[in-house]
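Below are two complexes that have chain A in common, paired first with chain B and then with chain C.
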Partner chain A sequence: MLPRRIYQFLIIFLLGIAVLFAVKYLFGLSDYVIPSPADLRDTLAAVYKHYGADVASTLSVAIIGQVVSIFLALMVGILGRQTTWFGSFIKVAAYNVQAYPIVAIAPIIFILFGDGFFSRLLIAAMICYFPILLSVLGIMSEPVKEIEHFYRVTGRMRWQLEVKIRAFENLNKLTTVISGSATLAMAGTIVAEFIAANAGIGYSIRIALYQSDLSKILVALFLIGITLAIYQGLLEAAGRMIGKGVTVTR
Partner chain B sequence: MKKIWTGFLFVILLTAAQFLPAGLLAAEGGKEQLTYRLKWLFNVSVMGDLYAGEMGFFEGANLDVTVKEGGPERDAIRELELGYADFGVASADQVIRALSKGSPVVVLAQLFQVNPLQWIYRPDRVEITQVKDLKAKTVGVTFGGNDETIMRTLLASQGLSEGDVRIYSVRYDYTPFYRRKADLWPVYVNSQGPIISWKLKRAGERVAFFDPSAHGVKFVANSVVTSVRMAREHPDTVKRFMQALLQGWEAAFKPENSKAALEVLSKYDRDTPRPILEKQLAMTRKLVKPDDSVDIGTFDREAWQQTERIMLEQQQIKAPVGVDKVLIQF
Partner chain C sequence: MALSCNHIFFQYPGASTEVFQGLSFSVKQPGFNALFGPSGVGKTSLAKIIVGEITGYSGKVNADGMTRLLYSYNLERLPDWSSVGRHLDKITPDSKDEHKEALVEVFGMTDYMGLRFSQLSLGQQNRINLMRYLLQDFELLIMDESLANVDEMTRESIILKIKAMFPDRYFLYISHNVVEVSKFCREIVVVRGPLKQPQTLSLTGIDLKSHQSVDRDRLEQTMLEIMNAA
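Our next item is the complex of A and B:
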């Protein structure tokens, strides 16, 4: 699965680059608009170490942000699954927070926490958590009637048991959502770095944009894509292992 | 079924129209339709461009010009090459970088004689009369931005290294300066300068500006550009456009037209209070027309050469581009 993720990404990226080069040579555009293959190669050779370290820094924040957002989404999802006033209040609060554009909230975050690690983490988690929350709410609000009925009529149903039943019965969905949210966590971290941090690949992309250097941006995109493909592949593999473990236990 | 196909065709035609190159469509009344992409958002730095459009200077030259806002993600030179714009505004470093990568661009006028990019500071806290006074100060710098290049050049000109100052990475808001985490902060003196000065004045603080050009570093700012093809194939259009544009700029900064200029400006920049706009206008006048004998649009060739030299020294370009050759006064 992991090698397949990587070569699928390579196919997509190379197709994208091929389209760019086709446009460049078809319309006779200069290297300023679309860099030449030689320019791209030279840039890759010049910045791959520096950008590689930046991507690693971004990924580390993204992973922590993803863990935080999964935890947060599970908490809110579990609390919000109930059809009580409190459950509805939690849902409304979660939806409202998401309605604010992150670029509007960012200045407040930077005033409170500065432009270091914590701000990047918080913004990444904020961008990542909502789609997870929606899935968790969907899963947790849907009763697994055939199993839950037995516990309810025997009076043994507790909320912990309800959550466990619903989670285990929807394990595949949950692992797919978590694996998919890796992309959002990475995107969230890059947005945070682009807006205001002073580290990470988002920050390097901002500098490249200031310098109108598309070849640097393409190199950054390549490194982000390949890193994400590996990370997602690993998450999927872990999801499958957990799934197998659950099946064996049953 | 026929209706569906008609609707489908309409959508396709409408979509295709979006991709037509700029300037291809002829406006009503036989006026030539042109697109002019600015470097930044509508504010006092594009006063003359707005004035030329609003007060009928383009119309008088038989031109129908769409003036489009710029922004951080916009690059007028790229748009010229892609055919999305006919004219644009770009900074000198953008022009030089584009030339170094083979972009067919020419410069038609230099709008700012003095670069508006300066550093704001609190004179009660630090005293900056010469470059050496920057030593041991915390200086805000946007990594990758013009201000980084200018600051590096300033420091090098006095034998100072980066280790002699504390560099503070600048982001888009001024909180670190307000909170005194940085002693000097880069600002556009004509647009942001009056706003920040006003805010700090209300808090009982005085501000001053550190101008790199007063210390020998002349880094050219906004200029009007077009493609080599446009200049070669449509010299008459270029001439009419430039005449109308520069007449607009000259008129906008005539003291007797101040009221009209402010009306135009407040129409486009609604969020800035009128007293601030007045200050911005006065400040911009000093930068685009520092001397009555200098026509707006005049090239400071020495400054262009210096800008190229600085970029070469800082390895932002690999080889000289001979920027002097693309400065064409129409």
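Our next item is the complex of A and C:
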């Protein structure tokens, strides 16, 4: 799965580059607009260490943000699963708040908390939090009647058991959502860095944009893509291992 | 103790027709009794009304002296995170350990207790599900197709064992097997469609016990009565 993710990314990235070069040579665009392959190679050699460190910084914020958002989403999802007034309130609030673009709130966060680590983390967590929350709410609100019935009628049902049953029965969905949210966390961090932060690959892309240096942007995209492909592949592999550990097939 | 339903009227929300129109019946004695009737006539709905899983009906359900009424059905599953043996251990009160051992043997599950639920055949799954209900405290247990997919010989020995082990409890056995119902049940409540009045007819079954042999003529007669009533 991991090599496949990397191949898939490389194919898509190289296709994109090929299209760019095709446009460049078809319309006779100068190297200032779209760099030549030699420029791209030279830029890669010049900045890969610096950009690699930036991507690592962005990834570390994204991972922490993702962990925070998974934890929060599980907590709120567990509370919101109930068919009580409070549960309904949490569900409605979650659906409404997630409809509001986090990027639009980002400037407020930077004004209040500055352009450091915390603002990047908060935006990353917020961007991947709501999709996870909606999935967790959906999973936790749906009773697994054919399993839960016995525990309910015999008075053995506790909230911990209810959560365990529902999480176990939807383990594949949960691991898919969590591995999918890695992209969102990464995108959230980059967006935050691009808007106002003072570190990370998003910040470097912003500088490259001001310099109108497409080579640097393409190198940054390549490093982001390959890192994300590896991270997602590892998350999927971990999800499969968990699934195999708890599920027995005939 | 006795179980009775008086003038039950019930309609599912959004449905155009009533499931029950003044349904009444009573089961006066404990033992192995049956709810019999064609598919879709409302046996499961009636069972859920009796145990309180369905509300919103009119009429009265009297379960005098009964506080623990359970309903089990054949689609239930055990969580797959541990073996069925461990699940049974967890839900069995200490005082019922001997019962558990006896049931595991009679239900033919001794060799399968280390397996998880998904590793069992459908018949084994239904047996293990029924076993865990039998290990609870109850005065009435409704068994809705609880022995589906179990072979006839095993089903017979299970029913006879249940009758021997729990002579003072009420059982309502829901099955479409007219031979089985006629042979093993004491009171047979035949549920009919809402257009037929009365909506139930009560018949007497053979109530066969261990080491008894069945009178073929009586069995055929009982089966005929059930089929005519349905």
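By our rule, the second predicted complex is superposed on the first by the 240 of 250 C-alpha atoms of A that agree within 3 Å, B and C clash if a C-alpha of one lies under 4 Å from a C-alpha of the other, contacts with A are read in each partner's own complex, and residues count from 1 in each chain.
The criterion applied here is as follows: a residue touches a chain if its C-beta (ideal position, glycine included) is under 8 Å from a C-beta of that chain, and two chains touch if they have at least 3 such contacts.
The model shown is predicted, which means the values in this text are computed figures rather than measured ones.
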**Prompt:** If you stack the two complexes on chain A, which partner ends up touching A:29: first (chain B), second (chain C), both, or neither?
**Reply:** first
In this superposition, the partner of chain A with more touched residues, chain B or chain C, is B
Item to complete: Using the superposition on chain A described above, determine whether A:147 touches chain B (first), chain C (second), both, or neither.
Response: second
Query = Should A:209 be classified as contacting the first partner (chain B), the second (chain C), both, or neither?
reply = first
Practice item. Look at A:156 in the shared chain and tell me whether it touches chain B only, chain C only, both, or neither; answer first, second, both or neither. Key: second
Check whether A:85 is in contact with chain B, with chain C, with both or with neither, and answer first, second, both or neither.
neither
Chain A partner, complex, touching residues on chain C are 51, 53, 70-73, 75-81, 91, 116, 118-119, 129, 132-133, 136
Chain A partner, complex, touching residues on chain B are 72-73, 75, 77-78, 81-82, 94, 97-98, 101-104, 142-145, 169, 171-173, 175, 316
Within the complex, chain B is touched by chain A residues 27, 29-33, 35, 39, 107, 110-111, 115, 195-196, 198, 203, 206-212
Per the touch rule, the chain A residues reaching chain C in their complex are 146-147, 149-150, 153-154, 156, 164-165, 168, 246-250
